[in-house]
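The structures considered in this document are given below.
Shared chain: chain A. Partners: chain B in the first complex, chain C in the second.
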Partner chain A sequence: MAEFTLRLRRYDPESGAAPYWDEHTIDLEPHRSVLEGILQAKARFDGSIGIRCSCKAAICGSCGVRINGQPGLACHTHLDHALRGARDGVIEVEPMGNMPVIKDLIVDMDAVHWKKIHRVTPWLINKEPIPEREYVVPRESMVDITQSMACIQCGACVSDCLSMEVDPLFVGPAASAKAYRFVGDPRDAQQFERLQDLAEDPHGIYDCTHCFKCIDACPKGVAPMSQIMRLRRRAGNDHHIKDRNNGERHESAFVTLIKDYGLLHEAELLPRSYGGDSWFGKFHPKAGAELLDSLPAITKAVMRRKVSIKGALLGHKIPKADLNAVQRIYKKIEGRDERLELNLYITGYDEDVDGAETPPATAATGAGQPGAEPGQPGQTPEGSPSR
Partner chain B sequence: MPAHDVLIIGAGLAGQRAALAAADAGATVAIMSKVHPVRSHSVAAAGGINAAINVADDWRSHAYDTVKGSDFLGDQDAIEIMCSEAPKEVMHLEHIGVTFHRNETGELDLRAFGGASMKRTAYVADITGQAILHVLYEQIMKYSDRVDRYEEWFTTSLVLDDDGACVGVVARDIRTGVMETFSAKNVILASGGAGQCFKPTTNGLICTGDGIAQAYRAGAPIMDMEMIQYHPTTLVENGFLITEGARGEGAHLLNAAGERFMEKYAPNKMELASRDVVSRAEQTEINEGRGVGPNGEGIYLDITVVPKKRTLEALREIVNIGKDFAGVDITAEPIMIRPGQHYIMGGVKTDVDGQVPGVPGLYAAGEVACVSVHGGNRLGANSLLDTLIFGRRSGEHAAARAAGLPMPAASEAQMRDDAAEIASIIARPREGRRISEIKDELGTTMNDNVAVFRDEAKLQHAHEVVRRLKEEAKTAYIDDRGTVFNQDVLGAIELGYMLDCSEATVVAAIERKESRGAQFRTDYPERNDDEWLKHIDISRNGDDTPHISYSEVTFTQWQPEERKY
Partner chain C sequence: MKVAYWPGCVSRGFTPELHGSMAKIAPLLDIELIELDRGSCCGAGVIAEHSQELADTLNARTFALAQQTDGHMMMNICSTCQGAQTECQERLDANAEYRAIVNETLSEDGLTYEKGITNKNLLWLLVEDFGLDELRSRVKRPLTNLRVGPFYGCYIVRPEDRLGIDHVKPRDTYLSLLIEALGGTVIEYAGMHKCCGFPIVTMNKEASLKQAGRHLGDAKDADADCVVTPCPLCHLNLDLQQPGAEKITGRVLDMPVLHLPQLVGLALGLSPKDLGLGRHVVKPTSVIDWSSSVVAGVGAGDRGW
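== the complex of A and B ==
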């Protein structure tokens, strides 16, 4: 047994008072969860502490909170682990972000999370005719979407989504993962329509800024950002959807610039995002407007030395050998017959790697979970094909 | 006052399936749940769902396995319906989007499960319940114009009319504290089991026997309540469930000597005997000093014999549970488990359409109900099937029944009583015991005395404790005086439900003087078909004491025989 102090963010909507902090010292084995700590405080000291919870085993998705500022499930965070992340020896628990607080640690998920889930037409639109028995589909396709199906709708990713903070209308990580569950499902009849809808929506899949926060936040390894990237690949590469927001061209501008120069060429990025890779693309009227619009940001970046004028205009020089190395990676990836998609359930492991002590390198496409423990499935290391 | 043809209480698999079926049949439907539907405890069902869909299989084989698993206490007409309708139901789930694992040719893959004579369990990794629950909720969202949802509404009572028919419910909006009466031509209880009567349990904190107690208080009979399933593989650490799918995939059970002791108890089926058999075997090993761990109170579950890649693909959730909650990498070392409370076979007595005898307009489906398809012991992966088959049948039947009835107007008197009761709980002085203390003592007492091995003395002791706790609960106090999300006051009401369920369980266990299925009496170690091949029904006397009666077991094709695995 050990003592832990919990500092809970309390809010009583009926009191008319502002939220406040409330401390309780509890007594539990260090590997017990923060939820069990809160439940002990509730049982022993104050039954009015509000928190949704049920299964205690990271399946029901009720107890999403922020612990020391990090979103996650209270039942899925050990007390000793939480203590290591505490600033002053006290474990701080707050309600999730990006959603209105109802009481104490309870937030209004309907107002944000579920509304966004509804936004993506979250049900299967069957391919016709519906067979008498099951749809016969590739084994891998079902294992693949099981990663999205593993989402428990806890809202931790929504809590921490930076894009949603800036654009509350952004469809967001959880709903995007839900969308992939249908787009990746061979039984669904409207994959193109779903993708077009999410690509054309200015608050859709191209609104994500790849900050990885949702991947960090997800307690189930769903890696919502990876699902967003998959949606983009399906939209752009498979269905050739050139969206009105230039999301697809913007992304491909990054890809070709890195391929050509090894590093980002900032002055080229903007025109290519509108005009594509053609030389005339530079004079796309929208590119000019965007340039004018972006001048304050560009100026700020120059002032803060995030970028030099010379570097931005002329591109960055890297040694020829390095450029060749970058281009070899492109060649290897583009040379594959089939796009390698990373997946939680399909792993590169087999008996032969038993006892591997080092975590696989986090793959460039970003399905890996930073901080993953050795031996944890969830990443397919590049170079060890999963199928 | 809201009014619906069919009002469903509980939004797990049984409730959601009932709602969709009733809506498809043209009824006006509402579904009410004290938690958001995807938080329902069906989400925790891991291993899979049984159906004879393999062309080499036959539903009769599934039915026989179920009858044998039930130790011949299951009603065979109901079992025949469940097993014969299972393949169609699983195909329906597949069609609405459940992401069942496929075999190499792209058809549904099947895994082995306990007590089954062949592989017949369809699955989604080891998140089958979650996958089905979330897909049903997708459909509920699709049906949003046809199925009203009252999410985070807590039902406090069923409302009966003067003739004793169920005509609605009283419920409290948890977010606002507002109480309301709902009228309904039919009410379907689908509010799950009562695992929280035990501590530890694999069940979620929400599994507090609400529907069982509400029906019992409304005069409905509850049946087979002594049949409490202890799952063979729960974590010693904290009682979390390790899916039977692990043994289905080939994992071994080992005692301290490293022996696969199931050879002694079930030489043919080994680890895949019925759950009651495996749990008793484990408990015997532990009691006789062959347990593992510092106190010798565990058994090793060795999953390392399953190929690692397969474990990572098909048992991923328990890889995480091992790592996160026990600090064990199950792909590399055995994990310590023991039998733990998991499921109640008993519940509100119903016919095969979910109708509760004696209370017209009241239905029950899922763990809250006792049809009885599980009898003395439920087979793994039959519970999801039970919820879906009888959820659907209840929904269809209730919709058809509603078509011929005028909309009743439920009296508001019950609501006034319930509101006054809640106000009085909130106003209780801070003396007496805390709700949490009583709940704790109840759970520990039940687990110590009404578990795998029982005898008269233990059961009588448990009965005395439950009676005392019922008295103490009347004055137990709470802290929260508010109306918004007052979980404290709901906890006090739930405690009352749990005490009613526990009492029924103990009384029935004392009554059944034999060993059958999950009930093993060390003082009556034999099965006694002559005297006890019958259901024990419990109904509430006016003075709040359980009244015992019996009902016949229905036989169709299979006569009782010695049960060996």
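== the complex of A and C ==
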């Protein structure tokens, strides 16, 4: 047994009193969880501490909190580990962020998290006619979405999403991961409509600021940000949805500029992102309006000799032979029929480089394949890793 | 120490004072820069958003070019390059078969990437390889009484696993350690590990500049004289866009934003002018006042810039 001191954030909105901190010292084995620590404090010292939990096994997603400022599951964080992250030897537990507090460590998931999940139509939309029995799809086609299926709806990612912090309307990480779960599902009938909806929404997939917070927050390795990038790839690349948020234009302008110059030509990127991906893009009215808006910043930059007029117009390039090499790479990869994507969540890492037997880049290991029938005709179960 | 130096695009484009100040401090630290001027843009995560294989192959090419030099390691001066390149490297190093596909594409150019390159931001290199004690011994003009707020940029602090951040290598605290070693006062504030908002500036300008403005406001509330960042893209949103951020957040910020090599350079005795501090949109008046009060030798004639 060892002693640990917990500092809990207490707040009861109905009382009218301000939030405050409360400290309790508990006695538990170091490998026991922060949740057990909180429950002991509740049992021994103060029955009024508000905490939500159920499974105590990182399955139900009830016990999301912030521990020493980091979001996670209370039942999934060892006391000794938490102590290591503590600033002053006291383990600090707060309710999750971006959601209103109901009481103490319990936040209102309905008001934010579930509302956003419902926003993305979180069910399968049947194809017509509905198959008489079950849908039959190749096993491989389901592998891609197993990562988003691993979500337990704990809200840890929502708690710390940095876009949501400034834009509460942003659809957010958990709901986006859920959206990909259906966009990537070959049985769904409305993938295009789902993508268009999320691309056109000013608070949809292009509102993610790429901060990686949700990747670090998630206790289940869902990597919501990576799912958002998959949604963008499908929307922009596969369906060429030219959204009103400049998301597709920005990406395509960036990719083209690197092909043309080898390096980023910032002065071209901005107008093209607004007006369209060509040298003429900057003459588009949208580009004009935006440039006018940015003019004070740009003028200042030129005045301070930060950017020269010549530099802004010509950009910088890499040597000709290297640019050719870069363009050869573009041609080869963009010429492939299918995008090659390595999802490390599915493939894992090589044990050892030297002569390691590795799974094919597109294959998967068996992290739960609901839906797919094993041994479909034309599939080769022998070739796939253990299930 | 010899390093294969990847400057990135923005340090040669919109923030030339970054590339310039790096070139100024390198000889003072006996760092020999072998510039990778044949490499292409790392893609900043945007090319990967379009095609992972394309981003991975372009970066594998830069890594292969770095491996051809006799540098000890590859070094960058951009958090975003660090993050985007590490993400590509993680995939390349994880899977031999995938690496073989990428190398086959590179072979047309006579290049091969061999697993396991070491690629470090200047910040990591200074703390882990150069050493803070060594740095301390070279300080000519300690940053005494200069109150500096660190701003990391997301790409250099998350995801922790991929970037190798743990209690042995607390890379998310290095800016504080460095400011301290240079003799400055560390000002920690709420937004120092958060996002500047740059990636969505063309998609949702209001949300983007709200982020920039909020963090700068936090630093101001904590009484910082300036903030320092190892990322030129953060610099664009925090400095170049600061007037816009002031408008959106409705408060005067007037917060100078320094590039990491500029801060190091000041402590090594270089003048604000040498370090291109006059090129910022937000005039670093507080920093210049500080430096002229420390160095009696800087006369009025040197203030014209």
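Following the convention adopted for this analysis, the second predicted complex is superposed on the first by the 286 of 387 C-alpha atoms of A that agree within 3 Å, B and C clash if a C-alpha of one lies under 4 Å from a C-alpha of the other, contacts with A are read in each partner's own complex, and residues count from 1 in each chain.
Rule of thumb we're sticking to: a contact is a pair of C-beta atoms (placed from the backbone, for glycine too) under 8 Å apart; a residue touches a chain by one contact, two chains touch by 3 or more.
Every value quoted in this text rests on a predicted model; they were computed, and no experiment measured them.
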Partner chain(s) touched by A:Val137 [first = chain B, second = chain C, both, neither]: first
Touching partner for A:Met149 - first (chain B), second (chain C), both, neither: first
Which superposed partner A:Arg84 touches (first chain B, second chain C, both, neither): second
Touching partner for A:Glu128 - first (chain B), second (chain C), both, neither: neither
First, second, both or neither for A:Asp337, with chain B first and chain C second: neither
First, second, both or neither for A:Ala57, with chain B first and chain C second: first
Contact residues of chain A, present in both the chain B and the chain C interface: 344, 347, 349-350
Complex contact set, residues of chain B against chain A: 35-36, 38-41, 43-44, 53, 91, 94-97, 99-109, 124-125, 127, 130-131, 134-135, 138-139, 141-142, 151, 175, 204-206, 238, 240-241, 307-309, 312-313, 316-317, 319-321, 323-325, 327, 329, 331-332, 434-437, 440, 478-488, 491
Chain B contact footprint on chain A (complex, rising order): 12-14, 31, 42-44, 46-48, 50, 52-62, 76, 78, 102-104, 106, 109-110, 117-118, 122-124, 126, 130, 132-139, 141-143, 145-146, 149-153, 181, 185, 187, 344-347, 349-351, 354-355, 373, 375-377
Chain A partner contacts - residues on chain C that touch it in the complex: 9-10, 12-17, 37-41, 43-54, 56-58, 61, 83, 90-91, 94-98, 101, 105-106, 108-109, 115, 154-155, 158-160, 167, 194-195, 197-200, 202-204, 206-208, 210-211, 214, 240-241, 243-244, 278-281
Chain C-facing residues of chain A, complex: 84, 162-163, 165-167, 170, 202-203, 206-213, 215-216, 229, 232-233, 236-237, 245-247, 250-252, 254-255, 258, 262-267, 270, 273-274, 294, 296-297, 300-301, 304-307, 311, 315-316, 318-319, 322, 325-326, 328-330, 332-334, 336, 339-342, 344, 347-350, 353, 356, 358-361
